[in-house]
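Can you read through this structure? Questions will come right after.
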Amino acid sequence: MVSLKGMTDRHDGRAPDQTREVRITRNWLDHAEGSVLVEFGRTRVLCAASFTEGVPRWLKGKGTGWVTAEYAMLPRATNTRSDRESVKGRIGGRTHEISRLIGRSLRAVIDTKALGENTIVLDCDVLQADGGTRTAAITGAYVALVDAIEDARSRGLIAARAQPLTGSVAACSVGVVAGRAVLDLDYPEDSTAETDMNVVMTGDGRFIEVQGTAEGRPFDRDLLDQLLDLAAKGCADLTTRQQAALAAATDGGEVA
Amino acid sequence: MVSLKGMTDRHDGRAPDQTREVRITRNWLDHAEGSVLVEFGRTRVLCAASFTEGVPRWLKGKGTGWVTAEYAMLPRATNTRSDRESVKGRIGGRTHEISRLIGRSLRAVIDTKALGENTIVLDCDVLQADGGTRTAAITGAYVALVDAIEDARSRGLIAARAQPLTGSVAACSVGVVAGRAVLDLDYPEDSTAETDMNVVMTGDGRFIEVQGTAEGRPFDRDLLDQLLDLAAKGCADLTTRQQAALAAATDGGEVA
Amino acid sequence: MVSLKGMTDRHDGRAPDQTREVRITRNWLDHAEGSVLVEFGRTRVLCAASFTEGVPRWLKGKGTGWVTAEYAMLPRATNTRSDRESVKGRIGGRTHEISRLIGRSLRAVIDTKALGENTIVLDCDVLQADGGTRTAAITGAYVALVDAIEDARSRGLIAARAQPLTGSVAACSVGVVAGRAVLDLDYPEDSTAETDMNVVMTGDGRFIEVQGTAEGRPFDRDLLDQLLDLAAKGCADLTTRQQAALAAATDGGEVA
Amino acid sequence: MVSLKGMTDRHDGRAPDQTREVRITRNWLDHAEGSVLVEFGRTRVLCAASFTEGVPRWLKGKGTGWVTAEYAMLPRATNTRSDRESVKGRIGGRTHEISRLIGRSLRAVIDTKALGENTIVLDCDVLQADGGTRTAAITGAYVALVDAIEDARSRGLIAARAQPLTGSVAACSVGVVAGRAVLDLDYPEDSTAETDMNVVMTGDGRFIEVQGTAEGRPFDRDLLDQLLDLAAKGCADLTTRQQAALAAATDGGEVA
Amino acid sequence: MVSLKGMTDRHDGRAPDQTREVRITRNWLDHAEGSVLVEFGRTRVLCAASFTEGVPRWLKGKGTGWVTAEYAMLPRATNTRSDRESVKGRIGGRTHEISRLIGRSLRAVIDTKALGENTIVLDCDVLQADGGTRTAAITGAYVALVDAIEDARSRGLIAARAQPLTGSVAACSVGVVAGRAVLDLDYPEDSTAETDMNVVMTGDGRFIEVQGTAEGRPFDRDLLDQLLDLAAKGCADLTTRQQAALAAATDGGEVA
Amino acid sequence: MVSLKGMTDRHDGRAPDQTREVRITRNWLDHAEGSVLVEFGRTRVLCAASFTEGVPRWLKGKGTGWVTAEYAMLPRATNTRSDRESVKGRIGGRTHEISRLIGRSLRAVIDTKALGENTIVLDCDVLQADGGTRTAAITGAYVALVDAIEDARSRGLIAARAQPLTGSVAACSVGVVAGRAVLDLDYPEDSTAETDMNVVMTGDGRFIEVQGTAEGRPFDRDLLDQLLDLAAKGCADLTTRQQAALAAATDGGEVA
């Protein structure tokens, strides 16, 4: 059985159920309706929310809005340089998969009727990658989304009393490293993990996405339960961080 | 709380924990080293396993083999025709995502050392789609994979005693339809499901992949537990089907 | 001079002017307006006819319909696996060429005025290739086209008395193998043929397409005449098969 | 029955069995090993033959050479401008089809063993299109091919006595215009033709390719025979032109 | 300091401030509204101007026209064959850059209001390259543009008194070869130049574009001034050639 | 004549010959061999230098290294969101052009022999755009390049005494705004400029690139001279900033 205690420390000294240092810097960009530089330790993702009036063609005239996301990595976000997808002329499977995950996660807390026929695109660009880029992206994008909605409200683009947001969203990774279930894996942990799970939850503790993968040995139900417990704890911690960031003055304040 | 009982029937009369009729036809193709036409009700997927000596460049000289998969849908597999990805010139995110899932699922039961420097590609082409194409693909591809390995063994391409397979794999979908947790959703169910989960398990009941998504309302831990129970039952049933198909004579016999 | 008689048998025992066993299974798919699994021996092509109201932009408002076709091969249709064109991101010349041939052949028996502003797309996907895939595709696609038109008529999408079809179409290959003109070459014959010709004819014996290619030695007029005679015989035989298939009850009956 | 006589003249006054004015200008380019500007009336195609040592990877070490062709049209070769295929990012089916036809036609008179492990690429770029671009391209490319081979011989890249060419090639179009079989259709004729056929023949009157298409009504065997007769006459005339051009001094002389 | 005099001759005997022989052949094509074959020595560019009514979507309803350009090279324009960009499926940076330069240069002398909602596309296809292809293209495209505008005027597509042209444009290259500033570099000079500059000027001697690049050593202000002087001389000479060509009768006359 | 004085202020109060506030933050990334966040006012570009052993295939065995650059913009760097080039599947002309400019500029101060068979790629990603992104990219990339070379030296990948850098590089924009020549245009200025010029210079005041474009009226030699003077002043100022940044301790210090 996998245990949370009594073993050697994680390589960076964290407790098994401890996230890395999380920093959420709002309004990192001047042009975007909402923007956040989110950092999970050395992982650094720039989340920009772009609000535009109108919806894609297939939604026109239905009175509902649309929220979508695009995820990408800068070529030197990683330890060794990767070729640009724009140069290769095609987007890889991983990029597609994560973009879709982020979009679904945010739409889970959006009332598209209340949004009206408006579109919000969340661009999540990984400036530096050290594990957990998709969970950092979701966690940061939620904050940028809140700011973009408030910006639209202040400009009269959505009704003063409309409540497009039905809740908050945060995401964390959990996994089994060196035989122990741990929270928020960094790259050295992630690359040796036997099981890897990304969990997206609402602020009130319900699940939006659960994606668990046996990298090595298949896992049993007990371990799955342990990982889900750990993820619930992690998402709750991240929700607290998001709330603190959103409570701060909006002039670029940073919350560590 | 979501209940398995006491509600109106599913639209096709199945019990909540009942799969559709499953048919596994081996050797549906003459050329492929392994091939299976797998049917989950009206969902029909052709799985072809191609065994080739040698491995991709990045694996050369490491003494290990490679198993990968490609998933695609014929344009008229669905109710209305879709454009071909070859004509559009790019593969969509959903296709990428499912191809990767199938590949990971099969690799979870492969000992790549025992495979030697050989590659097996699983092509899973959906001839007709009625929900659950990815789970049918994984379930059928496993059988084609077994046949391809035995074919290679019979031709002396892998050692007589090598055991590249460390277990079996099957996959099923579960979800919440009309407030009730059900197994193996067909398209009418899938398109109205609130929660949708695909689970890939080994024949001995451990998890390889768990992918749950709240399509509508986020779901709580209780419901997640119910869905996991249902999935375990479904994968066990599918494992039985696979074993029956593999026990039959290999001359194109069909097992309903 | 090339002779039809007095030489050793073809490798599968057929007479020089004999087609392989032809099977035409209608309604192989549940969703498509017309669908046929056509088999010329081991060559197996799934032809799906999709009827949609409206026409491409360049035809709008002219009161005429449109019929087009797309041909493709599954990666493991052939003896060794081919890369997917969707993965390569571009369609090859051969695929383009055959798609265009099928479309032209079917349009030759279509009165687009009688079709009204409707479009029928014929998807011809080769599930298994053993020579003659383009001729099988044309022969099967014609049957699927008939079914799609009748389906549209039964749903009131084309007028009860409209006659969009002006005739029937079938196609066969002929070639010179081992110095002898033969009909309906399978892959072993095709790959050693000196001359290869595909002929598309109407049910009343007129030509729609004649495409002859000297693979080895250029051929003279006498041989060309012999090949045309053989093709006329083959197309007439296939026309008979099509008529029998269309005369059968439409509930998935198979005609061997 | 279609007749060659007794009807009104062709729009440009030609006899039914008369080609347009044919001009073959050798050495139109300074860099290419062989180059020809070929004109069939207003159709103008620049054919450049590039000789390079070595062969594509799949031919290496077999001691045989390779001849291939690429056909393309300048955007304003036609009456209205077409988009560039380079800008669209993909080659159209027609371009593919014609490139393959030209390559096959030339390879039909090449002894690849005698060529040695060398490659000749024929680039046929249509500067102005007025019908018959593919037949002009084949007819001109043959002359450029001869010059490239002689150039290679003079530089010692192929043996002094090697005979890579086993014959000559020319091509012409024939068709039924206004109920009459005519030779070498220009664009106004081609766009109204009921039947259109392209025929590639050797200098000694054998067939390399026969491609006939019923644009309108299907055609019968009698008409097919008439068209083949006309094509044989046309290809013989073009062979004479090629011989005259090749007999002239090689310093850019032009033969009308 | 770099000197214009007292050194050995250029490899082709030209004076430092002398262009190659310039030939401008108007109406080289039959279909295009304006067309020019421009030759700077062995560099040969076909410039076709296509006039169409209407403008791109983003300009609609603004009452202004549009002029744009596309530059490309035939595969065997150069000393060794280059792959086609259409076959590679993407346009290279150099092609993009030069197309944009030509378009900007021509727009600098266009009054888009006077042009009305019409579009002129300049296709500049390099048939043979020997240095200076972009400057030849600009110089020739201007003449084709003049002809296309006059053609449109004669057909009543632009007003009789409209003056869409506000001046003329010509372009030349200058550079430092073997320590000396020279005008209109051919390929042997260009490939060894230390500094390379392309200058686009109006007929009245003002600058539209100045693009100077240190290929080897960075250059100082003195040298830059010398090069600009030389370019002014060259553009003036080319302007004279353009005027002569435009003054000639428009029936395909050639001006050397 | 255009004047530097006596007119109304620039919209942000700068003197005509004054750059925006320039900030150069070294080591902004943890993984890259050299990295700089460079800011010209609100323009913010992340420059990452990746050092790898070996060179592209076409340079192998020549004993020389290679320096190249790729420029890109995040989708929401600009005022309104742009589509990603990776999603569009092709790189635009502007991106290509700027990437090539940055690469050439840096290679102008590199002795590729001294670099040995090593490659340095400079990725310049615009996080926020407010005019002058290419000049900021060049100015910042130079600093990242210096750091990458020193890093390689410290790891013994280049010889201790090798001097791959032959000088320094900086770049600035100049232009005519409201009739006045000004330095370092921000976006509001750039979008209304009549003439726009980008100048790349070495630290000792020589030119690497001069790219001037008349956006509106063509410009005369006097104005060109004024702009060149202004650019020389701007590049000198930027050189001073670069030297200060490089003189600071390398632990992420920021120089304003």
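Here are some notes:
Going in written order, the chains are labelled A, B, C, D, E and F, and every chain counts its residues from 1.
Here is the rule we go by: contacts are C-beta pairs under 8 Å (C-beta built on N, C-alpha and C of every residue); 3 or more make two chains touch, one makes a residue touch a chain.
Everything numeric in this text was worked out from a predicted model, so none of it was measured.
Counted as hops between touching chains, the shortest connection from chain C to chain E is 2.
Common neighbours of chain B and chain D, listed by label, are C. Taking the mean Cα position of each chain as its centre, A sits at the greatest distance from chain D.
The rotation relating chain D to chain F, fitted on Cα atoms, amounts to 120°, rounded to the nearest 5. Taking each chain's centre as the mean of its C-alpha atoms, the one that lies farthest from the centre of chain C is F. Distance between chain C and chain D, defined via averaged C-alpha coordinates, is recorded as 29 Å.
We define each chain's centre as the mean of its Cα atoms; on that basis chain B and chain C are separated by 33 Å. Inter-chain centre distance (chain B to chain F, centres taken as mean C-alpha positions): 52 Å. Within chain A, the positions touching two or more other chains are listed as 89-91. Only residues 90-94, 96-97, 99-100, 104, 108, 167, 197, 201-202, 205-214, 217-221, 224, 228, 232 of chain D touch chain C when the two sit together in their complex. Touching chain F in their complex are the following residues of chain A: 29-32, 35, 42, 46, 48, 50, 52, 70, 72, 74-81, 84-87, 89-91, 95, 121, 123, 125, 127-128, 130.
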